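Listed below are the structures to be examined.
The same subunit A turns up in both complexes below, where it pairs with subunit B and then with subunit C.
Now for the complex of A and B:
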């Protein structure tokens, strides 16, 4: 009996010894909190993780009718609509440029990749305090001064919403290099024979080759990059929080969902019920978006 | 390829190593309780006491010295950097939290949730000596849940020389403040600094108090459902729209750097900045409360206090209460040292505040007078939800130029709903 349980050559035993710790970790640190959070979302859970007062769907109703939550989804949508295509275009163009370099390719690859190693918090603070601070000696305002324009309070001005410029540029700087490396790897996988055949058939180097050879061949890389970009945009928190929060909280604009939930559930509010309901709604939206994207791109479908 | 067989096969070694690693991880989880070593000293385990990280040098040594001087039981002081309010809120949910902790609260949710212990008998004899404005928000249904340690307040600092140069008198009404900020704004210097968000965050209830209103009335209703509120906030939008406000300064309102560096002629900041400003500017500055607005207006300053509370999950509540009584009620010498020897705060006990030599002259004496005569504290019923709603509303009015009356009407309904919830 025991030998049957242990399997041939004790394979089952070894299977559990090797995977067990990770399964336990996954269950304890992912599944239990997940289920707990779903449970909390149905209770009045203020300042407690073991609530007793059952509310049904009241927390969901509260979150879905909260103008601030809806607005935070709008903020995310706007952010994603700008930052996903911008990062895609920037990192692809940089990858094309770097891959055509005759010399110093490794150098430029490293230079563009370096910001990826920088922490979002540090980058956000540099953007906030040195480049885009509102006083006359900030970098951006110094440049404006050369052209005779007065200083702009980048992060405090809501009309026009200059803060978006700061938020988008810091993320572009931080993440473009990472996707550049993905695209470079994709470019290297395109067989040289395709380009040779195209040249023989009379394709012009440049746009024509890019449009009909390079871009279609990069399809799998593009799909992966877009998926990663969208999920990363959903998880936006660090740069928003560090750029815009103050000791007294967060302004009522540029508030993405995670920042909203942070202040509801984890700030002084500690309203874990409403926070959990918001988190569940958000998780459902991310799941739906991902499923739609994979359908759209045909991810996982067998190549014809 | 043949490997000589040793006593220990490779697989066994891996298995043993894996087992050890798992054991070590589990042990590490188990021992990180946030408490001290837990050695069996005569008084049993040490009481754990939490402080947030004070910026001034010497405070940590001082609080450890006070704790060391307590004879009855060992007290283990924890000095906690980072987001302290959030750490305490989370720790109070667990058994590994502090026994005694300081906080700007305790919050209404913590009191209603039974997370903090009634300290009325601890403060009892000395209660009249504590500043009533700051003790009020620590009191719920007649019971005291936190012993105020020191008072902090904020006020308006102005640069005398810059005002004289522009021919401006220190403003005594909100209209004069708007006009002064306009007159003081030049290419190099802005007139007024209310924080990088334009004042929505730091001011809180101040403009409402200055207009003669309240956040919450004595019987627990909304205290600012009045046209005077819209008038006062409209004037704050005017200062913003006229570009008299300093925005986007490298350090925010809580740091006097912008004022000292001459980026602004007037700045709203805390009493804690007074020593630094005195060192940098000598006597080239004065202080004012937030000026009044309208016929019912009165000058106002916000005051608040960190208070010492006892966690309801403490296993030794009686000893924790004894310790709090000893430190924050009986040992006046330590309270005085804590308030005045390091940073710059006002002692929470009126008798100590009157005795303190450093608070008898100049701007410091003005600050004490504002605290006593013009001080307002956020009431206990003013929950984070109301606070956030007010801040968002103020931000929309001041920066976006939204219609004050409409914005305030929606704020009134949010706050009424929240007050109805907490008063149930």
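Now for the complex of A and C:
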């Protein structure tokens, strides 16, 4: 085994000296947990990581018939359907506005990029305790008061579900700047000659140029941005946890998949078998979504 | 007369940008305003742009209050982020160089095995990783908080892409001088690659400082809390001391904002590289 890895006269020793530490770490901390988790998903693993009672697909059956799990997928879908297009539109608009500036470009880019340094915890804190505080002194309620409207209990009412506004705007604020930078880089790669040619052909600056030149030219960037947005929405945990949970626990609504897993696997029951089965199902969903998305957008085809 | 509407459009666009920029800055303003106020000022029914008295005392009080684990949490976060950043840079840059430059017939297969982990979202791995760390007995330890996060396929990928474009002439010259791979790497490649180290390092540090789910799950004892976990415990607590909460959050963010502004060029380079054009 060792001679096969190192090759004749240990010719490949240096390769392993460089990559060995990383590869070992990756195997131990990525691949082993993954395989272990797949194993656990077939066992009765309540409060134990070395189960003995084989269950077959019973954990999968439980997860897939668990109303909470299905609901968490619904929550994710609703969240993604709003947050992905909203972030896409906002960051692309900001990029277009900033790139057209003669001066102050770096300043505005910095301002919009600054929230990227903030954690979801701190942002959730500002949103929950200050902007969308449900009592009279919250900033949003203060503004409503100026217009003569009464205070709204933003996070603790489900009719109408105002908490979605809070959740979506936190994420918009935090990540718009990141995608703005990606779009600015994408815009810079569009050759100026295309715009000159379009102007010669009589294209109006503004919508026509955007529709027929800028937007199609940004395709690679757009595909990557949408993919990242969907994956990140799927991983949402921090802002949900910090905005919605309180000393009384997490409310029964607005639980995305990761919050569901957190409470199943690490909550009271510590059911690692069901938790692992849920994780495997989520992995399959996200793999399928990624494959579909890349097929759909034809990633890998080069831009002209 | 054509110039008139153009100028108007430009003014409108600039005005829109300024409004949006102000909106984006409001949360930072609130952090400082509330952090330097008394609770009475924060909860006053009439909005004041700034509190009546700016209470700079809130900052030393935060560190003096033994019931608030903030000083300890800031220290923990610093240690964890520094170790995570240093460790990731070391391990991932070596791997990236090995993959890019040191010959091995199955190097591509190894590279794909690393890329494969990029496809696995953390949503899927956090339960199994928790299982592993808890069976190693690493819950609430520095080891458990740092070591499992060091092997970022993303960082290794960025380093490999960068080293593939490193000028070969420099390395060839080192070989002529009789340096092997190891010494070529440390003497020639690393000193000439500071931008990529700064970019990856800044992104990793930021991610580590701001990460929440992993420290929440692994750092269960109060002694092992990071800043984010400590803040979260305030946010979700029954009764909160508002000004303390905000000043703690401000203290956790402001050093980062300063570093962020100073290192912005590198961070933006890192973000752009993380794209997509690889």
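As a convention for this text, the second predicted complex is superposed on the first by the 288 of 304 C-alpha atoms of A that agree within 3 Å, B and C clash if a C-alpha of one lies under 4 Å from a C-alpha of the other, contacts with A are read in each partner's own complex, and residues count from 1 in each chain.
Convention: a contact is a pair of C-beta atoms (placed from the backbone, for glycine too) under 8 Å apart; a residue touches a chain by one contact, two chains touch by 3 or more.
Keep in mind that what you see is a predicted model, and the values were worked out from it rather than measured.
Judged by the touch definition given at the top, the superposed model places A:265 against subunit C, while subunit B stays out of reach. Contact with subunit C, but none with subunit B, is seen for A:23 once the two complexes are overlaid on the shared chain.
Of the two partner chains placed around the shared chain by superposition, subunit B is the only one that A:159 touches, whereas subunit C remains out of contact.
Between subunit B and subunit C, more residues of subunit A are touched by C. Of the two partner chains placed around the shared chain by superposition, subunit C is the only one that A:12 touches, whereas subunit B remains out of contact.
When the two complexes are overlaid on their common chain A, residue A:47 makes contact with subunit B while staying clear of subunit C.
By the touch criterion defined above, A:251 reaches subunit B but does not reach subunit C.
After overlaying the two complexes on the shared chain, residue contacts for A:97 are found with subunit C alone; subunit B is out of touch.
In the superposed pair of complexes, A:294 makes contact with neither subunit B nor subunit C. Of the two partner chains placed by superposition, subunit B and subunit C are both touched by A:129.
Overlap of the subunit B and subunit C interfaces on subunit A comprises residues 17-18, 21, 49, 129, 135-136, 246-247, 266.
The touching residues of subunit B, counted against subunit A in their complex, run 15, 18, 21-22, 85-86, 89, 92-93, 107, 109-110, 113, 115, 188, 195-198, 200-202, 204, 246-250, 252, 254, 263, 383-385, 387-388, 391-392, 395-396, 399-401. Subunit A makes touch with subunit B in their complex at residues 17-18, 21, 46-49, 68, 129, 132-136, 138, 153-159, 246-249, 251-253, 263, 266-271. Against subunit C, the residues of subunit A that register as touching in their complex are 7, 12, 14-19, 21-23, 25-26, 28-34, 36-37, 40, 49-50, 94, 97-98, 100-101, 108-131, 135-137, 139, 142, 173, 177-178, 181-182, 185, 220-221, 224, 231, 234-235, 237-238, 241-242, 245-247, 257-258, 261-262, 265-266, 272, 275-276, 279-280, 282-283, 286-287, 290. Touching subunit A in their complex are the following residues of subunit C: 13-14, 16-17, 20-21, 24-28, 30-31, 34, 42-45, 47, 91-92, 94-95, 97-99, 102-105, 107, 110, 113-114, 117, 119-132, 134-135, 147-148, 150-151, 153, 156, 180-182, 185, 206, 209-213, 216-217, 228, 231-232, 234-238, 240, 242, 245-246, 249, 252-253, 256-257, 260-261, 264, 267-268, 271-272, 275-277.
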